[in-house]
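Pasting the structures here.
Two complexes follow with chain A in common, the first pairing it with chain B and the second with chain C.
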Partner chain A sequence: MDDDSKGSHLSVVVDLSPLYWARSALPAPENEFPLTLAAFLAQLLAFLNAHVACAHENTLAVFGAFPGKSILLYASSAPIPDGLAPDTNSANAYPPFNAVDAAVVQRITAELDALPEQDEEAPSALVGALAKALCYVNRFTLPPSANSKAQANGFHPGVLPDPRILVLSVSPDLATSYIPVMNAIFSAQKLKATIDVCQIYGPNTVFLQQAAHLTGGSYIFLERRDALLQYLIMSFLPPPAIRRTLSVPTQEQVDFRAACFCHKRIIDIGFVCSVCLSIFCAPLPVCTTCR
Partner chain B sequence: MPPRRDAEYMDVDSDSDVSIGGRKGKGKEKAGEKRRKDKGKGKATEAAYTWEASYTRSWDTVQEDEAGSLQGAVEDWMARGRRRRLLAPAAPVRRTIIRHLVLLLDLSTSMLDRDMRPTRFDLMLQYAREFIVEWFDQNPLGQIGVVGMRAGIGERVGEMSGNPQDVLKAIADRHKLEPTGEPSLQNSIELARSSMNHLPTHSSREILIIFGSLTTCDPHNIHDTLDACVANKIRISVVALAAEMKICRELCDKTGGQFGVAMNEGHFKDLLFELIPPPAQRALSRAAGAGAANPAADLMMMGFPTRLPDASPPSLCVCHSELRSEGFLCPRCLAKVCDVPTDCDICDLMVVSSPHLARSYHHLFPVKPYTAVASMADPSSSNGCHGCARVFPIAGLSGVSEGMSPVGRYRCPECFGEFCSDCDVFVHDVLHCCPGCGK
Partner chain C sequence: MPSLHPNPSAEHVNSPHSLLPFLQSQSQTTLTRLYQRPSSCLSIFRLLVPLQQQIVMNLLWLESAIASSTMAAWVVREGKKDYDTALSTLFRLHILSTSPIKLALNPTFKTSFRQALTGGGTTGSFGVPAPKDDKHPPMGIDGLDGYALERWETILHYMVSSGTGQNSMRPSKDVLYLLQRSGLMASPHGSLQITSAGFQFLLHSPHAQLWDLLLQYLRMAEERGMDLVEVLSFLFMLSTMELGREYSTEGMNGTQTAALTQKAMLNDLRDYGLLWQRKPSSRRFYPTRLATTLTSSSPPLPTSTGPSSGPKEGFIVLETNYRIYAYTDNPLQTAVLNLFVALKYRFPNLVVGSITRDSVKKALGNGISAEQIISYLIAHAHPQMRKNNPLLPVTVQDQIRLWELEKNRLKSQEGYLYTAFTSPADYELVLNYAKQLDVVVWENAAKRCFFGSLDGHANIKGFIERRTGGNA
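Right after this comes the complex of A and B.
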């Protein structure tokens, strides 16, 4: 680690779409390596604990993207609410691990239970969660202001050294979120935050590939899903400064495709308005964005 | 971003008590701007221009509240930004995204004047660099050329280029740009005009003049040049450092540009940076342009390539015929080009990467301004910011100005999420996407 005294910040964005997790858990004929949500969470928690254990100063925030909703599951700067207080009778557990595990698991369970019964599931709010992660990074990159409660909590606000955002995605690309994802990428560039992506289930996502490429992070498409924890620890645990000396898997090709504004299809050849640069999949008599 | 700007103005001001050359009236930067904005407060009218200003103490411009905190001053600054955003028109305007700009720098002896510190010349170079970086950030498909005017002629300092590094390199060496002689507006405008003659009609042609002199020495009638610029649809904007000249005003008015006289260093920067967002297209040019004659010509065919990694097997590129591994594949003919944006040499398709285009989309789809929550009775059940999870203050601030929320909460009109003031600024200035509704 280049500077031990500062630690590093990790924001994890977890895609928790029940539909795709259910598909991911289907046994052999559908999936060669089925992965259930419970197995995933166990591996994720081990990874989060590993990050907390790396250095005392390391900070962590976990955001969950549920269908149509995104929430903060855990933040190391915020006090744990009373209802989520860790189990005190497990004397053998390291308290910070306990706090992360309890908060993440309990909030996910509560949110999943509260989901309305619907035939058609709303797409998961990955963009909202990503935007929140950026707001969170921005909050600690800003100089401390007098009304922030952070000082009162004994957390030293100040500049976060190389903030990272890890996106664990299971849903395919959502073409409607093209512009927000792009905006999020540019904000991450301005904040000098790295976005790492691990696509756990489903096809490659074009937008997240671009996010990782443009912010200097790594994009990993998980082939052996039973080995998730190994991928996480080998590729995403070391901060970017160390990764240069390690041989972290890089992406083979980056797809620079875009989504058209008219039908939200992902296209490789499009018609672009010469004035406002809106993208259309078919020639139109007049641009519908700027008219 | 207010805190940053605030810090910057503190340190520009902090040396205002150091007197260089024993002249009074130089130590007035943003302070002057601040006063200008709240004119009518007695103090404001008597000190507007740098040369009229008296000795200023930086510590007087920031007012502490009773508790000795600077919070009030910072909040006030942010409120001003908020109000400006609310005033902005909500309806979408048509903007020119592919821009071509020639930056005309005055390099005459009048730029050695020290009324802006360290000198007008050094300040101009410094701001020009910041301007170029920010301009390319917001106009990634644009191009900038640099022309200097000194010793009665216009000289090409930097060729038209879409790469910010090239443009910055052109003005990096201040010794090559040492000011001498008289400026010539006509010569340099003609030079700039000729370098933009070949450009396609859908792109904008703009000239930005930073002018410190009060004279111009021209070989012919400058009004002919002005008419030629109008005919060529070149938009001229002038930032004057000395005083208003009729010809400069006329250049801007007739071509549809902006004219401004910088009162002090802070105002100079504001005037310059106002020219960064893509200009709204005028109704006149719209009617005459694509809308009426040939509407289909409005759309260009573009391809979004696939990038090959460094480790791929090397092959010849179509642009230089060199053997290399990295490159971009044209989606139509699968030829390999070295860099984007470019026109494919084989099938002539315009190849751009989608991030290039996406950088300007926030101009088209801005986030709706958040409304300030007025009282404690109003707030919903949430006790933390919807974006960064910061806990909201329990007690309301007293004596806040218009547009500020006394409880520190700002609500999105779409998803009714409540945000703190830092997130409000961040979402509207940087992120351009509401964390609650994801739009």
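Right after this comes the complex of A and C.
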């Protein structure tokens, strides 16, 4: 079979921080275009269905980043457990669409209901979800010989040509996650995975901008949030092969600032250890990382 | 010497699906009626090439038409040609409404496809699942695969063995008629014989074979007075169904004629192995893998080897000494190999033969091309062979192509021989004129004659007449 027939893989990482989604839904004086979580999910599902619709072989995985934890919401390679299987029997919908929609919505609802009541919300585990997405891609792009187990499960080895990861973020940068994000970027480069980022709410994030830039993906700061679906479809649906014909927006300016290792602050000017390249906000006589 | 290594794969990449030209030849009303069903829209969308899909998607959620120039602004300069081709195909399929300056989807298509993506509506176009059957145990996926394979191989095996005089199981009368109409088989002497088109057909992938037959079925449907839209929608509905689930025949038909069409199709498609029914009168049916993979490129048959558990994909080992080892016990595959291999031994799980000049000549004589033999060998190569680069021994590939070239030592071309020029100067003048037109096939200065192709004759004749007229 030629490469065209293999379909493409898309992993979507969804930031589901209740705090920022609540802020995003506030009406006019706060936001010019309020966007509720429910409206977002409806558009997200249409986008996911569009990806599944493009080819029978297209694979999809959806990861949710909740405060303090990240879980796999849906993966097309894993069968849906009986409890979550949609009671479909509907003649009006395509069964795979039903399966995606039901699994994603039910799991998100279950997780959000199970969130403990706290005064202060833990930051959402976006990096954890991103790392899980990378692990998922890695699992299916291993060389065939090392992958006899996956083969036995009925998956074709190495079937994920040009894998893509789409990060839908609403939280601002978390300075402590600088090193994990950079590590994720490097492993994505190694896997030849493209990271696309859509910042739906809040200010531009420095780290995700860099992630998109360094992996050849596109970063979009959503200005017209009422047109989310159109943004998603036009910029993030086309696989890399199509992007060579129909261009997608890329950033003109990338914020390359880094966070210091000592206080985890984003800094304009830093001091770098000449041996291990650790970054500090103040000059130190002895590097604390490599001594 | 002509190049021995043409690149066969280059043409196939991004080539449109064989159904699309057929759809393009249909009228706008037919297509618009077809687009009323969400399942048809989804299936047709899947048959499009990725670029066309993206264009459709970009336009799908827009409420108003947008200017063509706005859309074209997204196109990279090098991709302009692909983009224009994609657009023109969409216009011909009437997925885009015809308007040169504004781009918008056909409103019917837009509504239905949106419905397909979001669910909802009451069209029931994705098949009505049957309620749980208490009397019979459900049919397993293995059983369905076995059934589909058995039906499909019966058809193919009948075709292969028709030339050899062996008797094999006859498929039903309708299938035979279809084979005959499609030109894959013919009955010059009373009994059905496979044609050269049929031999080529055997070497195609199962997916291409399936669509070949279905296209023919669609052409016949019009003659049989069946409603083409109903036939197509039914096929597309099958392709969106889920393997291993039982569907009901009730509730999906609208009018009286539609019900009749569907009943006839259930019967026909059961013969081809696309769906399974407990008994012909049953009101429930299961789609098989042949049907559910219609719009995908995953293999439509579970394993191409027989009922026993053989290797999943390739089974052919080809050595540089032209020997071929085929790990199969499947009579169909053996018969197909027999088309171009001189078979020597047969073991329970292995067939050994060799590719010889005579065996290849026989295949070429049947209308099979060298390229088809090679692509068949590549498609069915044993996993062990896949470690080699190139996959097939180059000597064997080249030799098969050379044997084909042997057939083409003579080439005939119609034309005119120009002789009896009075002087070398005359000859040179006319010859140069003919060379400018690029119509000279052969020339001989010593005998003062040359041979020009047919289409240049009028010009050359006129030229000579003008010359002689001027002299006189």
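What we mean here is this: the second predicted complex is superposed on the first by the 269 of 291 C-alpha atoms of A that agree within 3 Å, B and C clash if a C-alpha of one lies under 4 Å from a C-alpha of the other, contacts with A are read in each partner's own complex, and residues count from 1 in each chain.
Quick note on the criterion: contacts are C-beta pairs under 8 Å (C-beta built on N, C-alpha and C of every residue); 3 or more make two chains touch, one makes a residue touch a chain.
Please read these numbers as outputs of a predicted model, since none were measured by experiment.
Visitor: Both complexes share chain A, so when I overlay them there, do chain B and chain C fit or clash?
Guide: Fit: chain B and chain C sit side by side once superposed on chain A.
Visitor: For A:Asn92 in the superposed arrangement: first (chain B), second (chain C), both or neither?
Guide: In the superposition, A:Asn92 touches chain C alone.
Visitor: Report for A:Val105: first if it touches chain B alone, second if chain C alone, otherwise both or neither.
Guide: Once the two structures are laid over each other on A, A:Val105 reaches no partner at all.
Visitor: Just to be sure I read the superposition right, which of the two partners does A:Ala175 touch: chain B = first, chain C = second, or both, or neither?
Guide: The answer is neither, since A:Ala175 touches no partner chain.
Visitor: Quick one: angle from chain B through chain A to chain C, Cα centres, nearest 10°?
Guide: 90
Visitor: Given the touch rule stated above, what does A:Phe280 touch, chain B (first), chain C (second), both, or neither?
Guide: first
Visitor: In the three-chain superposition, say which chain, chain B or chain C, touches more residues of chain A.
Guide: The partner making contact with more of chain A's residues is B.
Visitor: Kindly classify A:Ile185 by the partners it touches after superposition: chain B alone (first), chain C alone (second), both, or neither?
Guide: Touch partner of A:Ile185: chain B, not chain C.
Visitor: Thinking of the overlay built on chain A, is A:Cys54 touched by chain B (first), by chain C (second), by both, or by neither?
Guide: Once the two structures are laid over each other on A, A:Cys54 reaches chain C alone.
Visitor: Determine the nearest approach in Å between the Cα atoms of chain B and those of chain C after overlaying the two structures.
Guide: After superposing on chain A, chain B and chain C come no closer than 9 Å at C-alpha.
Visitor: Can you give me the overlap between the chain B contact set and the chain C contact set on chain A?
Guide: Comparing the two interfaces on chain A, one with chain B and one with chain C, no residues are shared.
Visitor: Across the complex, what residues on chain A touch chain C?
Guide: It comes out as residues 1-2, 4-5, 45-46, 49-50, 53-57, 88-95, 97-98, 101, 229-230, 233-234, 237-239, 241-242, 244-247.
Visitor: Considering only the defined contacts, which chain A positions touch chain B in the complex?
Guide: 70, 72, 75, 78, 125, 127-128, 131-132, 134-136, 138-139, 142-143, 145-150, 177-180, 182-187, 190-191, 210, 213-214, 250-258, 267-280, 283-287, 289-291
Visitor: Hey, which residues of chain B end up touching chain A in the complex?
Guide: Per the touch definition, chain B meets chain A at residues 3, 7, 69-71, 74, 92, 94-98, 141, 202-203, 281, 290-291, 295-296, 298-309, 311-312, 328, 331-332, 340, 349, 352-355, 357-365, 384-391, 393, 408, 422-423, 426-427, 430-439.
Visitor: Considering the complex alone, what residue numbers of chain C touch chain A?
Guide: The touching residues are 9, 12-14, 38-39, 42, 45-46, 50-51, 53-55, 57-58, 60-62, 74-76, 78-79, 82-83, 115-129, 240-242, 245, 251-252, 293, 295-298.
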